[in-house]
Every structure is written in C-alpha cells, then in structure tokens.
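Take a look at the structures listed below.
Look for subunit A in each of the two complexes below; its partner is subunit B in the first and subunit C in the second.
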Partner chain A sequence: MKAPAFEDVLVGQEIPVLVKGPMTTAHVMRWSASMENWHRIHYDWRYATEHDKLPDVMVNGSWKQHVMVQLLTDWVGETGWLWKISFQFRGMNVPGDTLTAWGRVVRKEERGPYGVVDLEIGLKNQKGDEGTPGTASVVLPRRDGPAVPYPFDPGALGVATA
Partner chain B sequence: MEIQVPDIEKFLAGLVGPVGKPDTMAVELGAVRKMAKAVEDFDPIHYDAAAAIARGYRGVVAPWPLLWLFYFNGTEHSIDFPFGKATVHGEDEYEFHEPVIVGDEIAMQMVITDARLKQGRSGPLGIVVEERRFTNQLGALCAVLRTTLIRR
Partner chain C sequence: MGVNYITDEVKAVIGAESEPVEAFHPVEPSEVRRFHHATMDPARRYWDAEWAKQSRYGGLVAPPAFPAHAFRRPPAAPDPLDQMGDPDFDGRNRRMRPGLPPVEVPLVRLLNGGYDYEFFRYARHGERLFVKSRFKDIYQRDGKSGTMVFVVIEDLYSNDRGEPLLKTTNTLILR
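== the complex of A and B ==
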C-alpha cells in the first residue's frame, strides 16, 4: 500500500483496518512478560475471576494500544509521522476475542508546509462492541512539499514544542 | 469517620508536582524483539539494525509501547488514597517525537500534572494525571505519556 500524501486523504474516509486474534492466554502472557507487568489479572485466572470478579484474565491495555499504534504507523508509512494518540479504556477484552482496530478521518488541516490529519480510532471485538475509543493526529507530507522532519519536531508545524 | 471533601481536595492538591528522580534505563535488543513478537508486529525495523538504518533510523526501532517496560521498571510509585475503594486506569495519551532506538539510554521523569475531585454519577471521583517524559542520551525528547487514574 502506498503511503498517503495529505491531498490523498478525505474527511470521513475509513483507513484500512488491522485485525488481531483470536486472542489467547499466550498473547497475554507474552505481552505481560515483555513489559514486566505482573499484575495478576493478566495471568492468574483464579485471582482475576474470584478476587477481582472479572470474567477471565484481561488482555493488557497496552497490548491494545500497540495494535492501534500499528494501525496508524502502517497507514502513514515511512513518509508520515504518528504524532499523538489517546485512548480511553471503556471495555474489557478477554482471551477468545478477535480485535479489529479501525480509524476514520475527522479533520484535515494544512500546517506550515505539512498536513495534519485527525482521526477517530477504536478497537472492536468480534461482536462489534467498542472497548477502546480514542483519537489520533498524524502528520503527512503534501504532494509537492518537503519531507516530514525526522526526528519529528512539532515546531515545524508552527506549534509550541511539548 | 469518613474523610470530608475539603480534606480530599487538599490531599489531591498536594500530589501535584514531580515524583522521584529521573530514572534511566538502556534499551536492549532482546527486549525490543520480544515486545514486537508479542504483538505480532513483524516490521524488520524492530528486529534488524541494517533494515532499520536503510529506512533512515539510527538503529533497531523500539515499538512505542516499550515505554511501558520503563513504566513498570521505573521507581515504584503508588498513591495511597485516603478515600475511595479502587483506582482505575482510565485513559492514556501519547505524544511521539524521536524514536527510541536499541542502545539508547532513556531517562524517564514523572510529574503529577493534575489532581482534582470530580462529581461522578455514583459520587465523587478523584482524577489524577501522571505525565512521564522520556528523553534519550542525546537530550532529545522521545515521547510524553500521560496516564489518567480514576479513584472511586
């Protein structure tokens, strides 16, 4: 897939989804180990279900965030930059779930020599329930414009550096 | 006796400010590969230095949620709330600037930027925003991670 230029993007457009799963306890365990997150709700079924009254062990919030980061970095490709992303944890996900990360363009704006595109994003399970709604802003090059700076500096957009 | 609202507000206001000293950690190849594999992200920039350099990076690129490895390895920190029953991780927000590269020494500083009481449907909620800034050995800001905790 060709990386989009700012002019290629339309408000209302859906970006290609990224599907992961079905999730297994092995996914949850590997992720917990790679992050050293030893919260028992991620690996101790009895603790999760009996002590915390959860339906099963929980898929990690940060695993879900990575899927949504990957959704956007895949879409903007090597020429764009994922600048900001935010998520709200509204729903739980458990082993057995298949997760579909999606994004929809809600705004686009020329900023300096570049373009900023704002998206609504989310992560639905196989029943279509939205569990992790959020927003993201990506910076894209204009068709005949300069490359997006790397490393990325928001000063290039004429905004104050974080 | 149950703690009163003015005391809760005073407690929350007292949380705002830097927490601990900056904590520094090296970015290891094994950690990066393990994390990329765990999420089934097979982009070679997360595995192979030559592939990453060919695409303009300084070296093997860490997946952004590697920041959570620093989070869980950083100085132990928990807030002992004198009210409510449970603390929920409500929301996260990231800003990305300079990629985190294998071999980097990343310094993390945490600051509580906001702590206030909000009236929820089922009673008062404590809202605490923790901000972690990640800077590399070159002095470049890599990322900012803001986490909103809800105490209810």
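== the complex of A and C ==
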C-alpha cells in the first residue's frame, strides 16, 4: 500500500483496519512475559475471576496501545509521522476476542509545509463493542512538499492557522 | 460521600517529580523482537538491518511506545514474585514509576485507564533510555463499583544523548 500524501486524504474517510486475533491466553501470556508484567489478572484465571470478579483473564491495555499505534504507523508509512495518539481503556477484552482497530478522518489542515490529519480511532471486538475510543493526529507530506522531518519537531508545523 | 482516599499523605505526592531514571539495560535487539512478535507488528524498521540503514532512522529502532515498557527490575531489587503466596497480592506494587514514591491507597484492584502519547523519535537498538516522571494529579470519583482513585502520571522518555523520544500521560485506576 502506498503511503498517503496530505492531498490523498478526505475528511470522513475510513483508513484500512488492523485485525488481531482471535486472541488466546497464549497471546496474553506472550505479551505479559515480553514486558515482564506479573499482574495476575493477565494469567491467573482464578485470581481474575474469583478475586477481581472479572469475566476471564484480561487482554492487556498495554498490548492494545501498541495495536492502536500500529494502526496509524501502518497507514502513514515511512513518509508520514504518528505525532499524537490518545485512548481510554473503557471496555475489557478477553481470550476469544477478535479485535479490529479502526480510524476515521475527522479533520485536515495545512500546517507549515506539511499537513496534519486528525482521526477518531477505536478497537472493536467481534460483536462490534467499542472498548478503546480515542483520537490521533498524524503529519503527512504534501504532494510536492518537503519530507516530514525525522526526528519529528512539532515546531516545524508553525502556528496553527485554524 | 464515601471514604476519602485522598489523604494528606496522598496529596503530598501530587506534583512529585523524579530525577531522570536510567533503564537498567540498553535497548536490546532480542527484547525488541519479543515485543514486535507479541504485538504482531512485522514492520521492517524493527528487524531488517539493511533496510533500516537506508531509512530515515539510520538503523534498527524499537516500536514507538517501547520505552514505556523498557524499565526492568534491576538484578538486586526485590523479586515481586516473592509475594505471590499472598492470595490478595495482584502481582504489582504501588510504586507506579521507578523514580516516584508509592501511592498508598488501600484499594486492591488496579486497571490501566488509558494513554496520551506524543512521539518525537524512536529508540535505536543499543541506546540507553531515561525517564522523568511526575504525578500530574491524583483524585477520586464514585463509580458503579464504588469509589475509584485515578492516578495521572506524566512521563518524558529520552535517550543517552538527551534527545526526547516521547511524552506520555498515563491514567491508572485503583478500585
């Protein structure tokens, strides 16, 4: 997939979704082990369900955040920059869930020689329940404009005109 | 009006700011590999050295939010698994960041409420990482399952050249 230029983006457009799963206890364990997270709700079923009264062991919020980040880094490619991302863990996700990260463009604006695109984002389970609502801002090159600087310096965007 | 968890002791740590704390070891290729395997993100910037050399990063990097999970237990620090015999121990302590004092609230359940990130550059393999943390706010709210305490932490991650990598605001919920 070709990385988008600012001019390619339409307000209201959906970006390509990122699907993960079905998630299993092994996926949750692999993540918890990789980050050395010993929080029992991620691997101790009895603790999760009896002590914390949860429906099952929990898919880590820390894992979901990387999925939300990947949704945007996959879309903007190596020529754009994921500048800001924000989300809340409102819904619980459990083994058996297939998770779909999605994004919709809500605003676009020229800033300095670049373009800034704001999105609504989220992570739905297979029933369509939204569990991780959020927002993101990405910086894209304009079609005949300079490359987005790396490392990224927000000062390069100049002052917002809107 | 239920219990007041925001005692003077808790209030005293609001605004507390750490000195920059160095991660115990530099960014390791194998650690990065386990991360991107676990998140199922096969982007070349994490593993393809030839490609990465030609890229804007100039070499292999870690996933954008990697530094937020790269602060590991030093070898001589107490083993958190020593407490696993306690049936109420959730596997975490209340020291939420390496450089900040613990938040002494008698609530046993901890949930991650969410994150707010701003990215500047990705951590390079071999780079040393530093974090400077601050308790931005600690407050309580009444919810369906009783009173919850929200701990809002700001973190600024940087590398060994003092270059900023990312800024985060993380909300942890005790209930």
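Simple rule for what comes next: the second predicted complex is superposed on the first by the 158 of 162 C-alpha atoms of A that agree within 3 Å, B and C clash if a C-alpha of one lies under 4 Å from a C-alpha of the other, contacts with A are read in each partner's own complex, and residues count from 1 in each chain.
Going forward, a contact is a pair of C-beta atoms (placed from the backbone, for glycine too) under 8 Å apart; a residue touches a chain by one contact, two chains touch by 3 or more.
Keep in mind it's a predicted model, so treat the numbers as computed, not measured.
Peer 1: Once both complexes are superposed via subunit A, do subunit B and subunit C end up clashing or fitting?
Peer 2: Aligned on subunit A, subunit B and subunit C clash with each other.
Peer 1: After lining up the shared chain so the two structures overlap, which partner does A:Val67 touch, if you call subunit B first and subunit C second: first, second, both or neither?
Peer 2: both
Peer 1: Once the structures are superposed on A, label A:Ile85 by its partner contacts, choosing first (subunit B), second (subunit C), both or neither.
Peer 2: Touch partners of A:Ile85: subunit B and subunit C.
Peer 1: Touch test for A:Pro113: subunit B only (first), subunit C only (second), both, or neither?
Peer 2: neither
Peer 1: State whether subunit B or subunit C is in contact with more residues of subunit A in the superposed arrangement.
Peer 2: Comparing touch counts on subunit A for subunit B and subunit C gives C.
Peer 1: Touch check for A:His51: first (subunit B), second (subunit C), both, or neither?
Peer 2: Once the two structures are laid over each other on A, A:His51 reaches subunit C alone.
Peer 1: Give one of first, second, both or neither to describe whether A:Tyr150 is in contact with subunit B, with subunit C, with both, or with none.
Peer 2: Touch status of A:Tyr150: both partners.
Peer 1: Which partner does A:Lys20 contact after superposing on A: first (subunit B), second (subunit C), both, neither?
Peer 2: Both partners, subunit B and subunit C.
Peer 1: Which holds for A:Ser34: it touches subunit B only (first), subunit C only (second), both, or neither?
Peer 2: Both partners, subunit B and subunit C.
Peer 1: Find the residues of subunit A that appear in the contact set with subunit B and again in the contact set with subunit C.
Peer 2: On subunit A, the residues that contact subunit B in one structure and subunit C in the other are 20, 27, 30-31, 33-38, 61-63, 65-67, 69-70, 78, 81-89, 150-154.
Peer 1: Which positions of subunit B touch subunit A when the two form their complex?
Peer 2: Subunit B reaches subunit A through residues 31, 34-35, 37-41, 55-56, 63-65, 68-69, 72-73, 88-99, 140-141, 144.
Peer 1: Can you list the residues on subunit A that touch subunit B in the complex?
Peer 2: Within the complex, subunit A contacts subunit B at residues 20, 27, 30-31, 33-38, 61-63, 65-67, 69-70, 78, 81-89, 150-154, 161-162.
Peer 1: Report the residues of subunit C in contact with subunit A in the complex, numbered from low to high.
Peer 2: These residues of subunit C touch subunit A: 31, 34-35, 37-41, 43, 45, 55-57, 63-65, 68-69, 72-73, 80-81, 87-92, 109-121, 163, 171.
Peer 1: Please name which positions on subunit A make contact with subunit C in the complex.
Peer 2: By the definition above, subunit A touches subunit C via 20, 27, 30-31, 33-41, 44, 47, 51-52, 60-63, 65-67, 69-70, 73-74, 78, 81-89, 134, 147, 150-154.
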